[in-house]
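After this come two complexes, each holding subunit A, first together with subunit B and then together with subunit C.
This part shows the complex of A and B:
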């Protein structure tokens, strides 16, 4: 491993010197706060332009004068037909084609066959039993309301993503134009997806569907482009030699070669759809999310928990099914194989489907489980939770934690951040940016924050930042040691990795349940919810980073007689750091996402203001706030990813 | 994919039943649902009454302020609970833009304001006067609020102007918003255990009346325009220097196309009328007896046929 000698003095790939000066400047500015003119402490009110009204004007112009509103209403009418059809099939909504609801036994059986076709017996059991559970606990209608939207939104996102992905692979300039839009789409808080969806596409399932599809779009685009770029020249040449037209090249050469990446994109699109569809409860989407929201609203934790289990089971099933599809190689049949042999699973699925339908005609319970006949024990769990959560020891522990965190950690940190002059914060951010990526990074990171300051939402933004940072720091204190411990022992690493992967597929909303359960409705619950959500990627990437350390290096360390802790600190951690930084980055992105959802618990940050805009239908303000959140997240993203890339270059890995 | 193929064949055999009522549209009447219990139950009650006269009804969960915009556009058909204090402003704004009609004012009288359970008065005897409340502010302090008193407000999307009022009247309180109505009740229950003083947002009609006796804080009386005109009320420089209306209306609002599209349902809607006691009972079935809102609505209808049957005739 050759370490290039850097021209400037560096520590861990960070350039020092000028940044140090900037840090000093920041400290100086902070210390001299009483002497500073108001302008340097906060952007003065009269310098804050009414961006929200300008944006609102722009939106009004697009909607009314350009007739965009009428256009989107036409689109939403079309979408409504599709949603009504899936709604009718899945939960018997009173619309065309008037066939549904499909018997739950038929659906469960067909899903089991699908599971078997994609991944064998285990997957068949998982897929089948998940749907049996859903029906038995009496959540079939709710789950199907949710699925009916995913069934439209996910394919929509996948098709659009595929198209955009192909376009940006074909044209370099298109890719360049699309990249920043995708970056912003991936960091915009979900409230900013919701409001325009409601205004342009009518309250209810159509708006939910549009918001969901948009939210699930970016990874599909990125993975498609990535896959197409990786197609090897030999394959392309072979295609050209056989005289394929451009369409044939795309259809029979490029797309099949990029199959794996595209399917990974499909998997992500489906999972993001599920995560978002639960959140669309905030704009009136019926289904599991709405029920969960209303149960948490009324603090019925046992029943919330039951719904949580359902959502998690569905998430795991969808994830495993689509991942199995990625791994499964396409089957090739010999010429002359009869049609029924090629489509044996399709026929089997149709067979069991029809069979159970027939059974349901005779035994109605196999078709629909009416309310009161289900086996839900949510009310009993409510009781159990009440007893457990009122246990004096637990109450004392959570009460003390709550008091300690609030008075000694959270409030001082929050007040400190709020006390700092804007200019000091900007200097500090520029310093970090400069240390990592030179002038460009410094300008970018500080520039993003400067825009936030210019919108006049600085104080709210600092409260958001405070929640994010406190939670991520706590997550690092817990997640990193656990990850390191797990990585040392092979036997633990595997199950923990699987647990992390599974936890990452859960819709974020789920993480609010334990937070509210233990801490009630206050700042600690907010931080706790973000904390569990952010710990997962931190642990995952720590384990992966350490496991990816080349065997030769470990052996070399062993041979030179390194102790365990020397090996860890001198070999494994330094090499794993770039990967761990990616985990850190993801934790922060997750935290920015979660902190906005936590507005539901009751925060006083940008998320609260965003939630208010939903009520007042203030599109302009909603966008200003949403972009503030996105810019802060992007500043972190840029700095951390840049550092990770630099580090990799220096280490000569990856 | 495979399901679709099967469905296509079956759909040929399926009977499409589209029984349209005479002149009454078969499109669903969409009723909005919000995040407090009485509204959810009485919306279901109205929905089930309309179904009993043959209407096709669907429910949609929406924001309680944004709903007036949705009614105006015809995306939802009606709103059963328009509270003067909470939604009067949004409702009036929507009326000015057009598209929404004031169907009727119900019997129920509403009030929503700062409220305290009775044990609070023992610690702070000057109540219900707001000046006395301000003098006792330290009694209401929590770790989160430091030395100021805590006022526990409703969810932010109810758009109360508590902070503005604190500023306008110079109150020594910090407004902390609960995430949900249930969080408010949980806080009262927690405070009851050791009789801790607490002041929070509450309203009537509500089941709370029956479970925890208490009183509203008396702020300077409401006068029209107090929320927009600084000159009104004791503080000449700021608006919101007054309490909410003490005898607020509760109205039913509807989309102005409803009468033409569903004339029969509209006639029924015009007769719907609830009292404070009825609304409190509906809220109690959900909040205290833990019933599902749909079931609570069905039970109320079964128990009160004498009340609602005449509305359908």
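This part shows the complex of A and C:
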């Protein structure tokens, strides 16, 4: 297919000209600020409509008059039964089916067998030892409280996602209608999941479960649709020529052929469930998250660290197990293999499970490790941390860094953003949008920000934006060079990629631990937490982008006598840029998510306001704020992804 | 032909574009492929009429984009035609409903695909049994039948393997076995050997000819390889830009290419391998012949030595039963062998 490229002046696929004029206009508006009428600087207060009250009214109408409240009560009741059951099995909540907590040794052993079945010895060790660790450090109950919610929320998200994914694959218009909803769901700050969940569903595990399932839903839908669309036409035709009915086609042809994508969706749904379930601590859900929250509140860093390790281990285990399932291919058995040999792993898992259960009956310690008998070294780590963190050199370094960043970078930048007239910012955004994707992108991006302005939360939004941007810029300064460096050497690239992949699976909450540890409770800690969280995707996509440059191109550059730096600047980077842009986009999305969590540290931005809505159950305001965050994120998402796609088209890759 | 053809296409059209049916209704006669493209439509199949007799092997030959795959998909109704009709044993399948279509495919048709189209999650046995499973046969019957076809294509012992554990040639054998599982009367093969390397391709062609001989099905075989077409076909339909340029026996196509486009293919072919005595035989019309006969099924190349040594100008040609069907001019045959005298 030939792509007609208009002979416009472009630099890296950006249209100049009109956008340049817009930028000039923005600068002009900023410079002339003292002369401008107040209306152009900020949306005047009397023009801000009470959107929050309108929304509140709408929600009240839906809840009371449309009977949504009754519906959710029924759903709550159903969920509660499930949650009680998993609760009873995992940590012995006194409910049906009254089996009591499964012995931790049984669970660990069964997980090890599952790990072995999916991925061999290493995975067996990882899965088994993770659960042994959890039990030994005395966090079994907490971890199982968390797992009992995931065990309900993740399957729920997976099943709903599969259904919606199939529907949106079947019907183009359904897909079109669903797309913006999913986009907003993916950028909505987590507080906006939590509050409605609490209001519509019963406080406690039920609300946590609903919020978690909703949060984990979008990737499952998208991956299902993607997988179904990718089924090879010949396989479809083969199914049709075999005389399959529509149901048979779906059941026997489409779904099995889309297995890989669907399982990738399952993996993502599980990981997002874990990330969210930890955050449900903010609505008082017991479990690892709640414990971590309270420990960090009282600055018990050693024990926070211990819990952090537990969460990370569980994350890695769940991720590796589900990823191993993705790549696991069926293996045939030789003719005449007896049935027990075919189902060896299932039998083995059941066997060790029963065995350890029996042992637990004799030695209660193998069933439940009581309080005080655990091997937690949290208090000791507290001590070590005290010594390390009070080390004068470290204190001097972090102290200086804190002073430097706050005084010379963060505060000036924040004040600058706050000083800028709204109109100037909108002009600049429109300029970027236009340069990337023409009029539509300009209208979209500037429009999203204009909505934020119209809600009257502009200043708070700018503070959010300031934290996001400064952290992402610092992340780029660190992550891009590191990524480029790592990509040059295969020996480095592999382990760093694996490390990034692993770090990406950690629930975002974890990243607050080192931030608070090193910088205390202030803006630098916020930026630092976002920074480490955002560096991961930046590095990862940089490495992947550079590594994906075709070998022939590198060889061609070598044969043309390019030096290393010439090769990097003229060949590798230009081709890797679209991929790197995806990483940049993900970094910004991560940053928007993290900045809201950082409200916990005490920010003054939208996140802080959002956190306050939790206390007052102000659903309308919560939504207005949540949508503000989502819209800002979506504006970035649109511009960056559009640019990346354009660039790919021009380069003829991907 | 006395019997009704197995497949009969009547003025079949397939257009791709905004509203193809309306466009076709208003289409004037004589607009060619490029005219149609200028109107914003792509003609996949352009006014094709062709019959396939029971037990005949029709090869549809064309380069990529010529519409050959589209045509075969119209015949199996994997895609709906824009105009015209396709009759399978006298019944127009363009108008039957989904249930009837499914029933037709479950009883009458089998198809083999270029990239095999195997289900990766099923073993060889389950792939082959798939069409039987779709029509609801019980586990035992379909297993027995599947094993039968697996044996037929020479994959015995591999029935528990998964497709990815097999080579390309073996995978296509699975594809062939699957298409034969329901004992179809009509067998479609869409470039079945194009994805295989040359040696395996040759082997599979032999295998295919063996199966054909044994099963005697009506076959529509798609290929882009003219040599393959010549080797296998009863008749060849050569397609270009969605229309059939020429449809005839290999001998006739090689001897009398209808269009310059067809000539491009025939030029490079060693004609003496393709042309058989039968094609050169002229009716006796009472002429008296003498001496030994030559077999109708032998190619000119096979007769080369005899042609050079022969003294008779006219050689009698006899079919399998020994009946003389006509006389072949020695000179004409020699011209094919050596090229026309300068």
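Descriptive notes on the structure:
Convention: the second predicted complex is superposed on the first by the 637 of 654 C-alpha atoms of A that agree within 3 Å, B and C clash if a C-alpha of one lies under 4 Å from a C-alpha of the other, contacts with A are read in each partner's own complex, and residues count from 1 in each chain.
Methods note: a contact is a pair of C-beta atoms (placed from the backbone, for glycine too) under 8 Å apart; a residue touches a chain by one contact, two chains touch by 3 or more.
No experiment lies behind these values; they were computed from the predicted model shown.
Within the superposed three-chain arrangement, the count of touched residues of subunit A is higher for B, of the candidates subunit B and subunit C.
In the superposed pair of complexes, A:608 makes contact with subunit B only, with no contact to subunit C. In the superposition on chain A, contact of A:244 is made with subunit C only, not with subunit B. In the overlay built on the shared chain, the residue A:327 is in contact with neither subunit B nor subunit C.
Of the two partner chains placed around the shared chain by superposition, subunit C is the only one that A:232 touches, whereas subunit B remains out of contact. Once chain A of one complex is fitted onto chain A of the other, the partner contacts of A:358 are absent, as it touches neither subunit B nor subunit C. When the shared chain is aligned, no partner comes close enough to touch A:21: not subunit B, not subunit C. In the superposition on chain A, contact of A:47 is made with neither subunit B nor subunit C.
No residue of subunit A contacts both subunit B in one complex and subunit C in the other. Listed in rising order, the residues of subunit C touching subunit A in the complex are 73, 76, 78, 102-107, 109-111, 113-123, 130-131, 133-135, 160-162, 164-165, 175, 178-179, 182, 188.
Those residues of subunit A lying in contact with subunit C across their complex are 232, 234-235, 237-245, 248, 252-253, 256-257, 259, 329-335. Within the complex, the subunit A residues that touch subunit B are 89, 94, 96-99, 102, 110, 198, 202-204, 281-286, 290, 293-294, 296-300, 346, 349-350, 353-354, 371, 379, 382, 402-403, 406-407, 411, 520-523, 599-602, 604, 608, 611-612, 614-617. By the touch criterion stated above, subunit B contacts subunit A in their complex at residues 1-3, 5-7, 10-11, 14-18, 28, 30, 32, 35, 37, 40, 56, 59-66, 69-70, 73, 75-76, 143-144, 146, 155-159, 176-183, 186, 286-287, 290, 292, 295.
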